[in-house]
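Each of the two complexes below includes chain A, the first together with chain B, the second together with chain C.
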Partner chain A sequence: MTEPENPRPLRLLIADDSNTDRLILQAMLRRQGHEVQAAEDGQAALKLYDCWQPDMVLLDVMMPRLDGVEAARQIKALAGETLVPVIFLTSLTDAGSLAQCLDAGGDDFLPKPYNPVIIEAKLRAFDRMRRMHETLSQQRDLIKARNEQLLEEQIIARRVFDNIAHTGCLNAPNIRYHASPMSVFNGDILFACPRPAGGVHLLVGDFTGHGLPAAIGALPVAEIFYGMTSKGFSGPDVLRELNQKLVRILPTGMFCCAAFADVDFRQGMLRFWNGGLPDGYLMYKSGDHQALASRHLPLGILAPERFVAAMEEYRVEPGDQLLLMTDGVLEAADEQGQHFGERRLAETLGARPTGASPVDHLVQAVQGFTGSARESDDLTLLGLRVTGQDPVALQSVSAARSAVTGPAFWRCSYQVEGQTLGQFNPLPLLLHVCMAVAGLRQHSGEIYTLLAELYNNALEHGVLELPSGWKNGPEGFSRYYAERERRLARVDGHYIRFELEHRMEGNGGQLVIRCQDSGRGFDPDAPEGEGGTSVYAGRGLSLIRQLSSGLSYNKQGNQAEVVYDWELSENGG
Partner chain B sequence: MPVHTRQSDDGETRTIAIEGRFDFSTHQAFRDAYEKGSEGVHHWVIDMSDTSYLDSSALGMLLLLRDYAGGDKASIHIENCNGDVRRILAISNFEQLFSIR
Partner chain C sequence: MNTKPHLDEEALAELRDVMEDEFDILIQTYINDSRERIQSLHQALSENDPDAFSRTAHSFKGSSINIGASRLGDLCLQVEKAGREGDLDAARQVMAPLETEFATVRRLMEDALLA
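Let's look at the complex of A and B:
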């Protein structure tokens, strides 16, 4: 049928026990171009419905075997979610009976005798409704399928992300954290990575926005954070690189609020940077606490030349706790829409039982506040307990037999001079040179420590002439680092030179590190720790002695030589 | 409309006032407020008298305005912030980029 008012013939099922009525209706509908099948009672109609699947059903109300009302009920049940309009054919006229037809699941009724114009109009109206219902159902199914697909993809994406992001030491015994399983898609990040010379870097962040853009931004952050930290770069170096990268890749208006901590267990020192996250907390064993406030713009906003990566320094002792969090904690809402807020946070932390992890304690409090019905999905917290020993044993790369490959005999000299001393940290570069020897890679932590101790001694005592005795009391300690910053900013006319020399011997080799500075030198034979004044300086040198096969100084005391013998171990020791 | 604009008589200063929550739902209205007919505007005032709350996407929108208004050379004042709004601006250290009074 191509008549415009009836573009598509309908499949119509009619049931009427009156032969005359049935034949009249059948003829009328066929004339209008529809496909028609007819039944003599409800039972037959049901059977036909089942095998022929008509678009609409027209039922006489009173029929033998199964009446129209019951047949309608069963047809509707069979049709399920598909809309199959059921129209009752009736000579009844009282309102009650007609209403009963509709109550039984009928959609409308046609009074006998039939009027072809009305019938045609009603069929068209129901066809429109039927098709709209069909379209909506299809769209709903499509959306549902897409949503399932999206969730599936997120789970896979999360696995990929985890492999990149969680290579660190979040599972160290002194670290506690809480994050929603899908936190990467609400824009929160949480990383921890051991430093090659001991200590850890921690990063907690919160990207503006949700979903895919936030997750994509998190990937380069993870790469840079883990890559640079494990190569020995300092906190400010990592921060500058993160900021620069995010400025470049994120559109204006998107950024990453972040807190960065560098914890040095050996020196008992926390260095901290906060750009846009709520206060972090340093909770002393004594019960006092220090708020670690945001003093910087978030990452990804300022051009590199305006970005400030300076970190604040705090003394820490074993038993102190560090707590970092995103704003999900403050903004967690209860059923009345009240926020958890700073006052409750302070009260909760103040009421922490001694020895309890602040992360567990706070998560419990927030979940109690929001009520069990609410998902606490935006909570991201990271806690770290300061320990006396480095808790994160560096996972050594197990060396294959091929580890004896790489450069076997070489030497190099590298000198940093003038103002560069105040601006550039040569340690990652020097470590990189040494790591070209495959067999040395399983000792990267020790080598880095040796290089770092030598460099810091040369810089702080040789070049900057800082007296190590200052580092004893808490006040002297901060004075020492303030003075270090001040002198470093003005340093000129000095140099620090490293000479590295390596040769392979049998199943191992020997690395000699010489570090000379332009300072006046010191008397290496002077007694250490006299009156407890140079405990820290002494610790540096005794550490070098422990790690190496020998430490010696020239007469003037401005050149140290360290000999490091290594041997390839079977299990990557 | 939760975002209203007024312009000074000389046409150089435009004030944008945000009513209620300043968050992603305000995105299009806020953008229209600074883009439409803003040739000749040199000074910007964001009036937060009736702003109850702002979230990080609002901070992002402020950065977009700053870019639009000339980046480091932009003259943008944020005024009349309530305690919550002030706290969020302070945590993010936005006073380094905007004049907040």
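Let's look at the complex of A and C:
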């Protein structure tokens, strides 16, 4: 704010009932290059002020009609937020009268006789003050407008964000969570999505940084997480894609600490991955705790070829609790700046009353610790109680506006061969092909389950020849999976072929799925899984029968054919 | 005794410089206003109105100081004070010297105009 060399001429209003004094002042001010208008009393001065809007006002104190003090008061009121310096012209000398002038909002005095040098200096000083005030007001208004714009944008961003990064199935009866309303702008994310064939994917994350930059990264994460999960992709597939995407879009130094859980209720299985978040906890019904520590770097750091998406597997039973959290819990500080910390966390979890939700219990403890010092918290927690059945009713994908959109009559064949059997999961792709039929979308869960059961049977029993009986008991279970890994390395020459065939009929259609493998086949009529073992531990054939209108095998037992009849549901969704 | 000049030559020269063509008008205005003010002072005295008296004296003082008639300004201040104190008798006693001083100032001004 440097003063211009030649400040623009000022518009000056003077008011004095003494003709002589008015003439002299007017002449002096004009001579100094200013625009001047003169009034003979306070009333006339007010009128002139209103229509001419001068930069400064010079008022005689004693005037008929409206005196200077009152005129000054009214001019200041009219000026509002604009700074209009008022200078009193006076030959008064007693301090009391001078003080009264300042009380009325006057800014200074000009004594008689008038001295041109002093007048010029005073006007220049007041002009400087006036312009500084003007600049400040403009900047304040600008900041205010920008701030309002920013808030508005945040609200819009929040709305967009909520549409994309919705809370998925966080409201399922067995899920408890806590997140501050503005957690988006803390960089915390909290997502849950049911898998098409049952089970659920959970993702808790914490982006480095705060505000908009942290929130922006959450959008692609949400898209990928929800999109891929509901298309049937596995946890490692989703994790790999998330990491790859974040590596590509996030600037160096920015990443996302995350914990990913895949809970399969039917199988009683938790698969877990933790990259940089505090320990998660698997709290068994028995009271034992299993810490789920971070064994990976956060998402968005490692190049895709170095990223490890393998998930740890834990058996779980109904009543077990899973607890995930961001570091907001450990870093929650009390008024003395002390952190909640791991010791308090362990104590709190240990003291949880039976049956209480670990989320509620922990949030209460942390809030009690921090006291009322903080209005908002940075706590993001997610708890899930393992249940015997899928607690998340498959969200009926809103039925297509017209069930006849998409392909009505088609067939396709897709074969996975050799090493690809061990590396690639063809189920999302096959589901995607089927979902092109609009009317089939509301049955995506069942279709996926059928495809998954057929594929797993073909791979694990047909190609790998793993005996399903192994899966009974914890030892056999791990042996089963170890053997599975070993045999997957030797699948040269093997294949699994899917043939899909669809046709439209009346108010629905029929999908026929044939799945053939290169194995030796089996005897489908031999009894299986009837000795009280779980259906899943067998070949899951009863599940397929339950979901479809028919299941048949060829003689050799290496090709299954499933017929799935569908109708458009009445309620349209 | 008051040693101030009847008319401050330097101040007058400055005014002449500032006012340029309007200098004559300024002097005429001052002389006319002052005559009116002296009449107003007499009227206030006859009506025993110390408030109006001191107010007029105040304005008279301001103009006189501004135009360089300092000694007249001092006399105005004297009567203004007396008026404000309600002592119109004291004010009356200063009226004659005040009018004499104005006559002197007026003569000097008219001389200046002719110069």
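What we mean here is this: the second predicted complex is superposed on the first by the 403 of 573 C-alpha atoms of A that agree within 3 Å, B and C clash if a C-alpha of one lies under 4 Å from a C-alpha of the other, contacts with A are read in each partner's own complex, and residues count from 1 in each chain.
Quick note on the criterion: contacts are C-beta pairs under 8 Å (C-beta built on N, C-alpha and C of every residue); 3 or more make two chains touch, one makes a residue touch a chain.
Please read all numbers here as calculations on a predicted model, not as lab measurements.
With both structures placed on the common chain, the touch criterion links A:157 to neither chain B nor chain C.
Of the two partner chains, chain B is the only one that A:297 touches; chain C does not reach it. Residue contacts after overlaying the shared chain place A:276 against chain B, while chain C stays out of touching range. When both complexes are overlaid on chain A, the residue A:257 reaches chain B alone and has no touch with chain C. Once the two complexes are overlaid on the shared chain, A:438 sits clear of chain B and of chain C alike.
Of the two partner chains placed by the overlay, only chain C lies in contact with A:114; chain B stays clear of it.
Within the superposed three-chain model, A:31 lies in touch with chain C and out of touch with chain B [touch as defined at top].
Contact with neither chain B nor chain C is seen for A:247 once the two complexes are overlaid on the shared chain. With the contact threshold set out at the top, not one residue of chain A is in contact with chain B in one structure and with chain C in the other. In the complex of the two chains, the chain B residues touching chain A come out as 56-57, 59-61, 63-64, 67, 90-94, 96-97. Contact residues on chain C toward chain A in their complex (touch as defined above): 11, 14-15, 18-20, 22, 25-26, 29-30, 33, 55, 58-59, 61-63, 65-68.
Chain A meets chain C in the complex at residues 17-21, 23-24, 27-28, 31, 62, 91, 112-114, 116. Residues 206, 208-209, 252-255, 257, 275-278, 294-298, 301, 327 of chain A are the ones that touch chain B when the two sit in their complex.
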